[in-house]
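Order of writing sets the chain letters: A, B, C and D. Residues in each chain are counted from 1.
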């Protein structure tokens, strides 16, 4: 069976997914929709797909599943419409920036018994997958402490910051999901120390650009997250899990593994510094997993609930940073 | 313009190139030929191409260039036929195992003024490309010494060994090309010490499985090659260039960059251990370079002459190993 | 001038310092005191020094400075006595487990105008010294975030735990000092999440064995500390400082730099797993710095105040962990 | 028992050994001799030893063993005199630059039944010791290929070159010994390609500054050596042994393990660039091994024969390079 897909949103990330679909022998991109007709037309042409309206895609009999890559404020509505249209759904994170809205949306998904996958691409990075697999195989014994370093190469434009929901909902949300993925137990408390160290304008917009977050589970497992909106040396994405019997870590990625030595020392190049390049494999594997799940039927992860839980952690972190206190998730 | 291609040979490496063509927006695989009808049909189907005979491909008006991925003993004849048919030609290494035959073949290519590229894929590996680029930019000053470690994960079957032309013509030939690519000057003498350390059967077939080769240029630049038909830890492919101002090196590749630490120490996984996986990017870039050269016109590298020169070095190495003496290339 | 030294305490760490003195051409160990006569006699013999009582050492005219390496509960009293005896003083950390007692002790030191150095050996580790030097030279711009991983190879015996003052005062205190050394600004708030994950007996003794601590300065600089009383792979001691222009990090140390590769992968040995071996160079440099400071006159670091400030942070961390809240240091 | 030592030669390397003796509880440096009275006096003073003439040291009843650290041209004579005086002998490499002279000298040593150790310090480097130990424990199976990279930070002065015996006898001789130490079988043939790439003046003196040497044993084991008199990035000292079951390698050493990352990449410092710093531990362990062997009695390595065999390889390499041919050691 070939999974027939519709793409709602022909922007940057939509294109990434279109390429992943093209490379996947089990799927076919049937139609693309976008508010900008040119964007839709261009992507449709290069993908050998049709341009249709979002309405037409949702109503189509020749489309099994949709990928929602619209602006964030349309995510929840589109999910609900697609759920009612009996399409399987892949939606980029976040479902919405508002927890209540997410809960409503997931209620619709549940009542329609729809299949929803949320785009936490990092879970599909081959390195992080291998970390998880090693944990599952017992290589490090019982998980005790998770450390995540997650720093962007540089801050996004002010305009993006404004609509982003802030550092925790926009950037750390990936790390919250990764922490949950690795901890094997839900966090019970959140502490976030957040600062404006990179760019005062970010502070003027009411946001932070640097943060350290500590999540603690009921049994005492601890996850540490270190964030910055700027890393001069590239896109810094490391994880490390300390267990009762060992430590597993995933290092950063570079374009090449060249080293140059001279009187100044030994030098390797900076890190891959763009999230789409750094996570190329992850995006491909993510879409492949979605396609496989649609074909196979059954549950799908990361689920809508994973999306919700990461957002709840983000909100708790924001409260913690603002009120300079520990936030208990049961509050 | 789209470059229209015919593929002569639907075996393992033919499939690799077909995938590279599919991923290249500037090219189209039009037809596939293979002595095994099933192989041709299968690859044609998955590539959206036609099955044609080799004769038909060479005679076709809708094909600009051919890729020769037949068994080695057909290479030279196919190159000559394609040259006469005015097709641009990509041929897997080696052109032939016999130097005289190669010279005849290249004479035909020259007289037909045909475009010929020889498949030394490693020149297109992103790491080795970057090594060459750093040298060209002066990062290490004048090249003095090149070190190449090139070890296969395990020996090929006896049957392959028999038809291979032996260690130097089959395996080291890539390293001879890489040494020439990096030295920036032609070797004047060759010394090879070769042994049977891995598998006595290889010795019984008159071949070697382990070797150390030293190439020296007229001005005294030196290249060292270390070969083995078996590396328990994966496909070992390293290069290092020592220059007057510095050293540049390219390390091996792994599937992930995970490290696991416990009481036994810190462990990373073995190397990628299959040449097609290790050189995936190189094969893709190689075919892209061929397609671009066909479209652009003008010279193309690695050329037929590069193929010849590497083979001459292989022959010299074999003579050196057999006669336990230094071989001067002007002999 | 040769600095003449008396050693108060001939235990494990006393021996380390005696060796450091022997290797230092600017100093001479004159006398050793210990409650255990045999221990004093043995160390005196191997150090070419005399056995004297602590009283005699403090009263001696031929001794310029004392090293206090007694059990912790004698530190403060010995410091006060030595200060009154006009000796320069090196004292192992901590001055005392009780902040009020430390303050009293330091008041005596101040009123006697005595020279006091506290034994935070890690400040003298060549790697960490180099990290600090790179920061001072501007290699990473303005310091923003400090990360310290500090994990012991295995938990100490229950008996030690009982008298240790607990995880924060005994172990993390070194990390608090290192954080202050690297942050370049005093912490304003402390948050500690602490657990019992390694050994339930530690919990029964009212202590923790695993912790994550976040220190935040007034200007928003952040330090993260990750502690465990057990690391299966050795004594894990890493620091990393993220600044506006770059990142500087210090990796762990091993006895050799051997790597073994085979079908299981590439393996390096575990870390040096004993603090005295890991910090051999640091102990040597620490004593050399003390001797140089005594000879030179003038201020000396880490000072008594550094000892106090680290203890205050430890107390705050303990309160934070117990009360599950953020502690403001001005409270 | 304390081994009582006399030192013949108070130069740079003599001082290194004096320090090693001072740090060794099983030995005492009794007397120092040097043609330069000031040098002898200074080292004697700092070592708490007497100044004596070489004659007096050889005749002394209170001296068990001598260390010969004179200029090279006195080595053989001093060894013979010490052998006749019934002293145990440690002599810096080489015994002499002339093979015939070495043979005569070793004949005297044998007839006097004297104990002689030759100063191939690298055999005592903790990393190389561990490589050998891993081989002995079977970690890599049967040894097949040894690779040695050995490059000095910069060329010595012309004056030194003149008296050095040339690249192979002065520098590569250490690598010949290391190759023998690791191969586990004597080389049967030698090939050396040598050039003048670093400094034309070295060529004018009749010497080489760059070389690649291949040693082959009877059973086909191969050792490769890469030499240069200049490495811009420090003192490059690496070994790698490829066996039937794995690979073991020893990496270079640095003063610290700091890494600095910024927009230019990730940078580690250059290598330790002075042989005495790089091999500090090796020199200490070497003298400790000599002292232990004197105390224990019995055989001692590296022996005079090890010194001879390395020199024979050096001579063969020189002949190979000059005559551009393979040299068989049985010639």
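In the analysis below, a residue touches a chain if its C-beta (ideal position, glycine included) is under 8 Å from a C-beta of that chain, and two chains touch if they have at least 3 such contacts.
Because the structure is a prediction, the values reported are computed rather than measured.
Asker: Find the chain most remote from chain D, comparing centres computed as mean CA coordinates.
Answerer: Computed centres place A farthest from chain D.
Asker: Would you mind telling me which chain pair, B-C or A-B, is linked by more contacting C-beta pairs?
Answerer: Ranking B-C and A-B by C-beta contacts puts A-B first.
Asker: Could you please state the distance in Å, as a whole number, between where the Cα atoms of chain A are centred and where those of chain B are centred?
Answerer: Computed value for the inter-centroid distance: 40 Å.
Asker: Centroid from C-alpha atoms only, then distance chain B to chain C, rounded to Å. What do you get?
Answerer: 58
Asker: Which residues belonging to chain C are in contact with no fewer than two other chains?
Answerer: 232-233, 245-247, 261-263, in rising order.
Asker: How about chain C: which of its residues touch chain B in the complex?
Answerer: 232-233, 261-270
Asker: Note which residues of chain D are touching chain C in the complex, please.
Answerer: Touch list, chain D to chain C: 23, 126-127, 130-131, 134, 139-140, 245-253, 255-263.
Asker: Across the complex, what residues on chain C touch chain A?
Answerer: Residue positions touching the partner: 141-142, 144-145, 147, 149, 151, 189, 191, 193, 195-198, 210-212, 214, 216, 219-222, 224, 226, 228, 230-233, 236, 242, 244-247, 324-326.
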